[in-house]
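Take this structure first; my questions come after.
Here the chain labels run A, B, C and D in written order, and each chain numbers its own residues starting at 1.
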Amino acid sequence: MANLTLVQAINLALVQEMERDDRIILLGEDVGLNGGVFRVTEGLHKRFGGHRVVDSPLAESGIIGTAIGLAMAGLRPIPEIQFEGFLGPAYDQLCSHAARMRTRTRGAFTVPMTVRVPVGGGIHAPELHSDSPEAIYAHQPGMKVVMPASPYDAKGLLLSAIRDPDPVIFFEPKRIYRAFREEVPEDEYTIPIGKARVVCEGDELTMISWGASVIQCMQAIEKSGRSVELIDLRTIYPFDMEAVAASVSKTGRAVVVHEAPRTCGFGAEIATRIMEECFLSLEAPVQRVTGFDTIMPYYKLELEYLPETERIGLAVEETLAY
Amino acid sequence: MPIKTAFKTEIEHVSILDEHGQFDAKLAEGLIPDDDLLALYRHMTVCRHLDEVAFKLQRSGRMGTYPQNMGQEATSLAAAYVLEKTDWLVPCYRENAGLFWRGVPMEYVLLHWMGDERGNAIPRELFCTPLAIPIGTQMLHAAGLAWAAKYRGEKQIACTFFGDGATSEGDFHEAMNFAANLDLPVVFLCQNNFWAISVPGKIQCSAPTLAQRGLAYGMHCVQCDGNDLFAVAKVVKEAAARAREQSRPTFIEAVTYRLGDHTTADDARRYRDQAEVDLWKARDPLIRLRGLLKEKKLWNDSKEAELLEFAEREVAGAVQRAEGIEAPATTEVFDHTFATLDPQILKQRETRRTSSLGQQSGRSASHAPAGGSH
Amino acid sequence: MANLTLVQAINLALVQEMERDDRIILLGEDVGLNGGVFRVTEGLHKRFGGHRVVDSPLAESGIIGTAIGLAMAGLRPIPEIQFEGFLGPAYDQLCSHAARMRTRTRGAFTVPMTVRVPVGGGIHAPELHSDSPEAIYAHQPGMKVVMPASPYDAKGLLLSAIRDPDPVIFFEPKRIYRAFREEVPEDEYTIPIGKARVVCEGDELTMISWGASVIQCMQAIEKSGRSVELIDLRTIYPFDMEAVAASVSKTGRAVVVHEAPRTCGFGAEIATRIMEECFLSLEAPVQRVTGFDTIMPYYKLELEYLPETERIGLAVEETLAY
Amino acid sequence: MPIKTAFKTEIEHVSILDEHGQFDAKLAEGLIPDDDLLALYRHMTVCRHLDEVAFKLQRSGRMGTYPQNMGQEATSLAAAYVLEKTDWLVPCYRENAGLFWRGVPMEYVLLHWMGDERGNAIPRELFCTPLAIPIGTQMLHAAGLAWAAKYRGEKQIACTFFGDGATSEGDFHEAMNFAANLDLPVVFLCQNNFWAISVPGKIQCSAPTLAQRGLAYGMHCVQCDGNDLFAVAKVVKEAAARAREQSRPTFIEAVTYRLGDHTTADDARRYRDQAEVDLWKARDPLIRLRGLLKEKKLWNDSKEAELLEFAEREVAGAVQRAEGIEAPATTEVFDHTFATLDPQILKQRETRRTSSLGQQSGRSASHAPAGGSH
């Protein structure tokens, strides 16, 4: 048991799983000697060698496309995309191939690959280093999408993702890469994909979030002084509707919080599902506290864009007052 | 010297059995024994006949869009012939001849074009990936497959097929670049048939040769007559050796021509001259191979007649098997999305509905008065 | 006034607008001599010449990327992507550049471009020729998304799209390219982006759809014998919430119909907005009749996947019975 | 002959003023008059100083991540110098020298790295596009900009800048291919600095030269010493003429080196040897230009001292202007999404809220008891 940051927890998970399973290959830009631009793969090149931790050409479609081939051949590639803003060039390989291979071939070929991608804003980064495209990939059938909000979860979810027989995009919220530490067992443990975590219980309102926003939610709840149940989704697809419905059936009110733009963000899906499944329990319309329907601004204005404690708090008050 | 030469190179063109029946016996030495030559000729003839039958199936509404391979049979066939049975074939959609030679049942390809995914469930022991619809994307998979073999220390390589149009896609570049810089055992076999649907080759590549695409990566590259079974066999054999022994990729431009329309949805008369087609009809790989066989006294008209009957039986059998398969169950829409279906897909599968009220009580959802899970 | 198919209406709009505005360039695969694989650009190459109707290399990112450059220079490019399944390689240029250029440069550079893309299933096409990615682009701020459901609308909306100072993805539902004809005026007219069309009025339930599904909706409504108000959205982003809210406030019930997978489809956004804005009028949870959360199947099963009349009809009954 | 030569070529390397001070006066003839040489030297010195100041700004928290240009100044500067003022410059992010020469105010680039989009609002009459963050993507825009000029019958061309890493991206390939096959007047100027963050050049291109990337497209290609103002000026001038007169693109590999870290977020000691850096320090374009100027008796130590003072003033002024600008209004988050904001964005702008209840009554939304539009 050690007190680790999220970066360290992921690094530990990678080390342990690579020791256990030599089908795992890491590939991506700067993942080798440099240990990745966030140092998530620090030390792995030295430990496992250049054939298992591979600095690739600067080409995201190439990284994902070759990883698909590696996976089709039975290996367990873990490609890294340096920032979520650079997933774009790989969109086609992810959605036209990785997600479709099992269906296309009736299972003759599968793509057991885990795509690691730092995600989200709040770190004063340049353009296209602060976006949140999780809904894009949640809309693609055949793709699983995971986003941990704590070091403990990161390790357990990453192991599940790596062992999953299907492609998983593993989003790592960079704002909390080193924001806090948590006890993370040395021992192997997994957290199942598709299961949410109740961060704190409450009976007045259900708040649903994921990734770095969970921290903002916790702060907002504390400030509010109200009895709010906070659900950290952990998996975006397939998401844990059972946990959400159970909570909202109890509280009758819900607020969803995410960084991505509002329109067609994953909040829309959750809000709709809540309406569908908890219609008669709902005392107020589900509220969305999200990024605006505008481009994620350069960093001078990024905190005006991101759903911060104050905006979340207001939504809680308004929903409770409804 | 302030201006000096930084790089210098040449690219070869290989031809062994040309359109005039000229045959370079020396270059052909040891490439294809006569027995195999007969088998290959028979195989091409069957493939050619499949094209005719498939065309009619499409026209009579028994099959969807189909891309004829007519005229290009030699390329993929020669490659499949010289490769090991465990080398990966990573095709586009004009490689029937190569795939069938490897052992993919003909009905698989028919099923694919009949809108049935079962046509893609190619047994893994055949080491063939399914036909690729999005152009230019499959070469990256070939690079990954080859990489996996190298990682495991196996002597397996990958050979991927694509058209001239495909070389315009960014993924082509990335695949070539990964293979060259990471030393992956891949053979990139471009079938330059001069057209990408209606767009002429010069819009895809205005360089004197397509082969020189490979120079960008410091890759060995070569051009050959793609309608010449021997030439393709020779360059692929050398490329395979380069891959297997040195783990280095090769880029091959096989010059060929599609004698038919792009697909059954296309009408090539809109954009190309009959004169050009006629020119290439004379360069048909079947014609020149038949000529050689006759010259070698291995072939005659009665054998040809027998062969045509054989082809008809073969293709008819495949069509029968493809059409005879039971209709896919609706559950097939759901069952292969993941290894284990999530609750939401399971519910959609069970109810065949997406509306939440409709999902509450199986297939014929009753009009439940109450909402969700409360 | 002529009786035209949707293909002909678009062709007419292109001809007339190209006559009017020589800043327009068409580019794409097979758009020239061949007139496009659906013959939408038939005759334009001959009429306007190869410099204005350009057969491009087979490279979707290249088509959109160069079109962005053309637009930044002040031209009005109209790139065609041959099928929506091949938008993937252009995703990055669309979302990282076209949609962001105005915001990025504070208006110094803009991208007035209209991307024409056939969309949707139901025509027995091969794989990746039958998808519906409209929600993906609706989630991208800075991008407008349009989808006509009739020849008349197609012409009027296309003119608006071309004249719009910002990037527009103009989805053409291929299932109704030639399915029916409609009177289309020769004269110039525009249909504003962002305004829905009430296809038929009703007071028991509001049905919202777009593209080819509108036809299925009409059939389902007719069969149902109920008083259903059908709204054809016409624009996906920015969508006409005013029209939707006005209708649902009246009917109290709503069903959204689209071909795309359900999760994070545009139906989720509409359902959520209805809940947000019509909460107290809602008599039943908004229902979604959509594609399943699975890969669009090859054509033997495509009609099992698409929201057909029967499924729509059932949702209407259930919603009314709620 | 069954094996014949299909293609044959050579690529030149151009050097005029080398790292040992060797100067080929003949090749340099008419390229850069002495007055301009002085101005260019001054300009590079100012740019170099900006790098030092920017580094400190970042370290003291006054600026975000910043990529130093140090060591690469000659390349973009020489290009901007020989191009027409109305030719497009389509940069990546190591072209400060070229952009400032064209007239982009220094504070624009500072603002960009200070997280302020106003740094990208470059006046259109400067014909510069903003710094490009996603690697390898801007070359397509250059192709489009050049295409527009050609379409209009203008003699304007586009010159785009990018690194060795960028040439691995599919978009690079597509841009080169569009330009070559559609005859677009583009100059592709690759600054090969041997590193893409920590990844060495051989992983991006294992061919003997990067220049030969251009062969894939039948494009004229050439390699030059990128730290040699004269060599770059010469090859860009020729490329510009080729573009302007024949509407043909050129691919230039300018061999250079970044003397600093990739950005202020990087620590290059993790992956490269100091010996390599030292080697390249000796090849610094400023050093050799200063040497030439001194040899020509155009420069001395007191002028150098004066220049350094001038550079300090210039940069300090720019920093002051960049930092002195008023903070951007929150409305800026909304105002440039579209030419005309849609109702939804307007409401978000007005209320600064996305939750529907919060959007009902302006900024400090009251806790309205009722729902939406009923």
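The rule is simple: a contact is a pair of C-beta atoms (placed from the backbone, for glycine too) under 8 Å apart; a residue touches a chain by one contact, two chains touch by 3 or more.
Predicted model, so just to flag it, every value in this text is computed and none were measured.
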{"item": "For chain C and chain D, chains touching each", "value": "A, B"}
{"item": "Separation of mean Cα positions, chain C and chain A [Å, integer]", "value": "30"}
{"item": "Where chain A and chain B are represented by their mean Cα positions, the distance between them in whole Å", "value": "38"}
{"item": "Whole-Å gap between the CA centroids of chain B and chain D", "value": "42"}
{"item": "Sequence positions of chain B contacting 2 or more other chains", "value": "117, 134, 168-171, 174, 177, 181-182, 203-204, 332, 336-337, 344-345, 356, 371-372"}
{"item": "Multi-partner residues of chain A (each touching 2 or more other chains)", "value": "56-57, 59, 61-62, 85, 88-89, 92, 96, 103-104, 127-128, 141-142, 263, 276, 279, 284-285, 287-288, 292-295, 297"}
{"item": "Category of the chain touch graph - line, ring, star, complete, other", "value": "complete"}
{"item": "Chain B residues within the chain D interface of the complex", "value": "2-16, 18, 24, 27, 168-174, 177, 180-182, 202-209, 211-219, 223, 231"}
{"item": "Partner chain C, residues of chain D touching it in the complex", "value": "117-118, 120-124, 129-130, 134, 137, 140-149, 151, 158, 170-171, 174-175, 177-178, 181-182, 332, 336-339, 342-345, 356, 370-374"}
{"item": "Chain A to chain B touching residues, read off their complex", "value": "25, 51, 54, 56-57, 59, 61-62, 65-75, 77, 89, 92-93, 96-97, 102-110, 141-142, 144, 164-166, 194, 238, 241-242, 245-246, 249, 273, 276-281"}
{"item": "Residue ranges of chain B touching chain C (in the complex, touch as defined)", "value": "64-65, 112-117, 133-136, 165-166, 168-171, 196-199, 203-204, 265-266, 270-271, 327-328, 330, 332-334, 336-337, 344-345, 348, 352-358, 365, 367-369, 371-372"}
{"item": "Chain C residues touching chain A - in the complex, by the definition given at the top", "value": "61, 85, 88-89, 91-92, 95-96, 99-100, 103-104, 127-128, 135-136, 138-142, 237, 260-261, 263-269, 271-272, 275-276, 279, 284-288, 292-295, 297"}
